[in-house]
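Below you will find the structure I want to go over with you.
Letters A, B, C, D and E mark the chains in the order given here, with residues in each chain numbered from 1 onward.
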Amino acid sequence: MEKNLILQVKDLNIEFHDHLIPETVVYDFDLDLRVGEIVGLVGESGSGKSMSALAIAGLLSRKDMKKRGQILFDGVDILTCERNVLRKIQGNDIGIIFQEPMTSLNPLKKIGWQVEEALRIHTELSKEERYYRVIEMLRDVELEDAERIYHQYPHELSGGMRQRVMIAAAMICNPKILIADEPTTALDVTIQAQIVELLKRLNREKQTSILFISHDLSLVRQLCRRVMVMQGGYVVETGDTEEIFNHPREAYTQKLIAAIPKVVRKS
Amino acid sequence: MKSGKKKNYNFIVGGTITGLMLIFIIIGFFYTPYDPNAMDPSAKFAGISLKHLMGCDNFGRDILSRVMKGAGTTLSVAAGTVFIGTFFGIILGAVTGYFGGILDEILMRVNDAIFAFPSILLALVFISLLGSGTYQVVIALGIAFIPSFARIVRSEFIKCKNMDYVKNARLQGAGHLRIMFVHILPNTFTVLLSAIMIGFNNAVLAEAGMSFLGIGVQPPQASLGRMLSEAQTYLFRAPNYAIFPGLVIILMVLGFSLLGDALKREE
Amino acid sequence: MKRKGLKSLLLVFVLTTLAIALSACSGDKEGENSSQITIGIPQDLEDSLDPHKAVAAGTKEVLFNLYEGLVKPASDGSFIPAVASAYEESEGGKVYTFTLRDGVKFHDGSTVTAEDVKFSLDKCADTSAGDPLVAAFSNIESVDIADEKTIVVTLKEANTEFLAYMTTAIIPASNENPDTNPIGTGPYKYVSRSPQENFVVEKFDEYWGEPAHIENVTFKICSNTDSLVMDLEGGSIDMFARVTASQAAELSDQFEVLEGTMNLVQALYLNNAEAPFDDVRVRQALCYAIDPDEIMMMVSDGKGTELGSSMFPAFSKYYMEELNDTYNQDLDKAKALLAEAGYPDGFSFTITVPSNYQPHIDTAQVLVEEFKAIGVNAEIQLIEWDSWLSDVYQGRQYQSTVVGVDASNLTGAALLQRFTSDAHNNFINYSNASYDEAFDKAIYSTDDAEKTKYYQECERILSEDAANVYIQDLPEFVAINKKYTGYEFYPLYVQDIAKLRLAEE
Amino acid sequence: MTEQKDILTVSSLCVSFQDRSKGLFQKKNRIQVLKNVSFSMKEGEVLGLVGESGSGKSTLAKAILGLIPYEGKITQVSSYPQMIFQDPYGSLNPAKKVGWILEEPLRLKGGPDSAKRKERVREMLIRVGLDEKFADRYPNQLSGGQRQRVCIAGALMQEPRLLIADEPVSALDVTIQAQILELLERLHKEMGLSILFISHDLRVVYQMCDNVMIMKGGELVEQGTVEEVYFHHKNEYTGNLLQAAGIHI
Amino acid sequence: MKYAGKKLLTMFLTLFAVTLFVFLAFHVISGDPASSMLGTEATPARLEALREEMGLNDPVLVQYARWAGRFLTGDMGTSYSYRMPVSDMVTDKIPVTLTLTILAFFMMVLISIPLGIYTAKHAGGVIDRIIYIFNQIIMAFPPFFSGILITLLFGRIFKLFTPGGYISYEKNFWGFVGYLFFPALAIALPKAAMAVKLLRSSVIGEARLDYVRTAYSRGNRTNDVLYKHVLKNALIPVVTFLGMALTDMIAGSIIIEQVFSIPGLGRILLTSISNRDYPVVMAIIVCISLLVLVVNMIVDMIYGLIDPRISVE
């Protein structure tokens, strides 16, 4: 693989098997992710963008999900490797955050315990060292009063704070890749902007490459340098964000961009 | 879904058992091989034979006929109980669930009181109040079953009353009663149906328990519970006297619980 | 760590429950050193333990072993001296003089004194709370202590049968709560009790008479009569009086089954004040409709003795076997009588039965079938014993009921007085002038032969007038483990445990 | 255009809730959700209401619809305003067919006999761009966009003069969103319908509405035509909102 | 603290309602203690004298007030039929029913938790299918019928225990507990079957939620996810069921005590009802209701412990 290529997805196909008739959700998905790069994955619901992300994070169950192609990370094919090899990567090298902050945290466990979990699994740090790493991380995601939040429960925090906790939990082991599956959809506009800024900062400081999945084109435009447009499981178009926004080549992309209401002087 | 196979497997087995039982009982209403109360001294403790498919009891009465009639009584008692329980349960549950407030508080306290009350004593009180006999048993058990139905209906109503379609109905000018019984009630049918199935089983077991203690249906009228309690004495000499009524109770309850399970997985 | 912890926790649980289960089988039999027996009884002694206040037959049956009167009934129906060493009757049965046996001790070690005897008799005759504790004592004029050793009892009117009432228990005046702490002079003394579980007594060593053989006796309450066979065979009880015929038939040869009679009059008692049973023809029709043999066949495998009137064979003097044939089953005559009485196509009525006596419930079910043959539709109504007492026995709001009436003492009056018009316990509202006249003659006659003639006269009237539909004196089967022997039947409803002894002795 | 009269005027509207979390006996304090809100709407106008979650915009809608108690005055020209909701799954009764749902408003208003009602339902279905045969389908057999069209049809059955749309398109995909907005625009023109359009998406509001109000913490912080508010906003919070939505003027 | 206060108040109110209802019920049904005490030798005069002495002729509410007054000061009165102080009778019976119920409860927990987790983990497997069928059949057994079969099977055929051979706890504690093993099994089995089904569906339900996916995304092993994340959440509905099951068991023990002839509260309750022995019945009803309400409170407390969201309310 090229030197600064961190992840390579080659010809990925995903087929659902638990219904009676098998149903393919992702066709020939290719992706080359470089170190520190932010790539946007855009498409409407049912376009297969989340499925691809979950496949990369190794979260698609192997029983009822037939997958073809390769996901190469650091010389390991995530699709076919041993489960314990995959587990070593999950949470350590690849972090993931989800759309619903409300349900993505275990309601009965304290925030500190959940953020610390990846450390417990992947490192030999002592209890105190883990505590400091968590406090430091919570401050890093701009949560004041980290000590108090450490002992609080998810239901005691606001949506925005919970999403910051998710990011802290995913980044605690300083992973090489962070997958963000519609992280801001459930949040208010102002908080959405803050989360995007936070992701930018983390990408800059820690050189974590980010795969940003969203249905909101204007948001992707603010964050990602490269974007891939998906529809019905196919990658319809891929390329530089500004290039695609100004001169969309594919009909579907044009339709998507046209659907965004323009704010331009009426008079 | 994986369990799909088990679901209709339940449906088939449950359906056949219940079907057989219903046929067995319906025939019992019109025709029984012998008059269930006719005593034949010569046939005392007669074993299983072609003449008496289930043998005879200590009075020489044909057990098959008594079981058919007994099953009929137990079924009608259970059906009556469930009807009373459901009817008043719905009204009580709907009102407390929909309106809430002090009315809800008081009625729920009364509900807890009846729950805390050993149902056997409640039945005893009603029986001594109204005299023993099938109808009194139905009323006694019916009232003891109201709290559990009321609780189920109440939780469903609480869940549905905040839904948008209820607000819509109010905006369009629908009255409270119409909203409760025309709009919300149909949505509770699936949960209610499985509760009725479970309620039915508990009613069958409760009737059997009560006649076991001698407060249910009066002799010489056949009831499965009473036959079981009398059969205890002759367990060694005529085990068939105990096994057949017990078997019929088990089949009835098994059939309905399988059906209940199959229906519950429907939604 | 967590998962392993959970697993080991579960393991510990499994081991403890298994250990408990195994220990279950070891804890069966304690040491066999002192002779002991466990006797099953169907109902607990839910009653006062004061012999004068106890009412339930089940209580009196057990208390028989703890208390003794001046005289004591023997198994053949005669009376033997007990606390009194001797007695004589004078002035034609009006005055009875008892000489106190010396050295008779109470269970608490104190000696019986004349004062104790007077205290006991006065207590039973006392009329301050309305009627006296023992109804017959209303006939007592006075009880006087002649001297240290003799008691004189004077009656208002002579009554040759009065001696039977002298079996009333003698208790110490010093005992403040006889209700819960029974002290008497019997062969066994009270040890302890636990409600619904057991009633424990042990041998009273300083008993004046022939001492009991078995040291400790536990009366164990087996309320679930249906699981009796299992309890006997399982070994948790060694003896049980009054098992049913079918239960007796199922017992293994480890048990001996003795057959006697229950000494009670089982009949379909009719409320003579209520239509249609106020019409003698209807009552007679019912008598013709039933066949006691078929009932006995169904209910107790043919065992039991047929009865024609309110008297059972244990009273050999008065019992009249020929009354059994007053009404042999004759369906046509029954239908004819019904037509004559204005019920050509029969009528319907309810039989109220107490729910705690299975033999009576079984009999009622057979009666229902038999009455169908003459177009009479009988419906059974089971009610609790206590409701039967207040609604049927005292309240007399019933049409018919199936119960067994026993004799509270060894007198003819015990069974027949109930049917005199003014008797307070005449729960069937029977009133027949010639019956009252015959009964009075019997009571006040001092000649035994004359008294027997008049009692039999009463029985014939009850039978011919079909006061009730008489059925049988239920058989009594006593199942007793072959390790024990010596059981004796009494004409009364009692269990004499003192007579029992270990077989190999 | 003749002087349009006001269809809705709200003056110094206040709404407060009992704080339930405190115990049975402690003094209850009441949380102020709306602090004297005042505005008015012209006949046929589409008025935008923008605010973040918790700003009180839904509470305002409920107050106008009379679903919750309030202080202050709300005057409406025609009574019975109708509403369409954000979550298409919760706003249609899952146990009933679409035909029945659409007929219900007519039944409640003592509409003509059932044949005429069915006819009106067919008309309305076509009007909102759905095929007639949708009448005997159940809500769970429809897509998000189709369900929202049925909601709009249901809301218009009683021919209301005022329609309150609470985040009608937020849960839909961009392309479907565009179709629904276009439908609302058409109906607004054809029926002279006045719409109170509530949303957190500034771009959608800009496209749909003539005037717009910005709400923060239960107060109206800015009002005016979309031009004035978007290009010459006076309030700093409005600026943040615009900036966060990536609208750089 | 205020939360517990409110709970205690409602508990007291419910108890008051239950006892008043029982007292009124007794005065409505036929038969009264006086006739029961005097039996067949009752004469109208003696009956009247006894009723007067026992104050049965006073209006119902006066009698209730008198009973409640004495009861609150700890004096449960004397039993009409046994003439013994009720407190002695009841206190030495409570351990019997309590041990029976607690033993049955632990058996239920012991059977249902491991089985529930196993069938959830291997959902759809052969063993899961077998256990499912087995569950359905056990749930269909009327408790007294399973009692009879257990006595027959383990008592007479395998001779694991002597039927009817109840040993009181004073004499031989382990023998006492040993005898209660099988009756407890008869009570526990149907409830355990239900608990297995409930726990299984609850675990499967929870495993589908988002936070489980997050847990996997951090590299957790399946068992870790199950025990550290899912189990605690899945137990919440099971705790409610266990609370209800415990109260059912107390009522269920009445029938089982009859089948295995165990002298517990149930037996005394039934005989006292037929003897119209009010003081004993009232005492037992209060005991049972108190037990039920305490159990409900414990369930609520466990809720508070497990689920932080609840305790805030």
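Please note the rule applied: contacts are C-beta pairs under 8 Å (C-beta built on N, C-alpha and C of every residue); 3 or more make two chains touch, one makes a residue touch a chain.
Everything numeric in this text was worked out from a predicted model, so none of it was measured.
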{"item": "Intersection of contact partners for chain B and chain C", "value": "E"}
{"item": "Maximum centroid distance from chain D, chain identifier (CA atoms)", "value": "C"}
{"item": "Maximum inter-chain contact count - chain pair", "value": "C-E"}
{"item": "Farthest chain (mean CA position) relative to chain A", "value": "C"}
{"item": "Intercentroid distance (Cα basis), chain B paired with chain A, Å", "value": "53"}
{"item": "Length of the line joining the C-alpha centres of chain C and chain D, rounded to whole Å", "value": "87"}
{"item": "Inter-chain centre distance, chain A versus chain D - centres from mean C-alpha coordinates, in Å", "value": "34"}
{"item": "Chain C residues counted as touching two or more neighbouring chains", "value": "224, 227, 230, 383-384, 387"}
{"item": "Interface hub residues of chain D, defined as touching at least two other chains", "value": "none"}
{"item": "Per-residue overlap in chain E, given as positions that touch at least 2 other chains", "value": "29-31, 152, 258, 312"}
{"item": "Contact footprint of chain E on chain B as seen in their complex", "value": "2-3, 6, 109-110, 112-113, 115-121, 124-125, 128-129, 201, 205, 208-209, 212-213, 225, 228-229, 232, 235, 242, 246, 249-254, 257-258, 261"}
{"item": "Footprint of chain C on chain B - complex, ascending", "value": "37-39, 41, 44, 58-60, 128, 131-132, 214, 218-220, 229-230, 232-237"}
{"item": "Residue ranges of chain A in contact with chain E within the complex", "value": "57, 59, 87-92, 95-96, 98, 100, 103-109, 117-118, 121-122, 153, 155, 166, 169-170"}
{"item": "Contact set on chain C toward chain B in their complex", "value": "224-230, 244, 246-247, 249-250, 294, 297-298, 355, 361-362, 364-366, 368-369, 380-384, 387"}
{"item": "Chain D-facing residues of chain A, complex", "value": "44-45, 159, 188-190, 192-193, 215-219, 221-222, 255-256, 258-263, 265-267"}
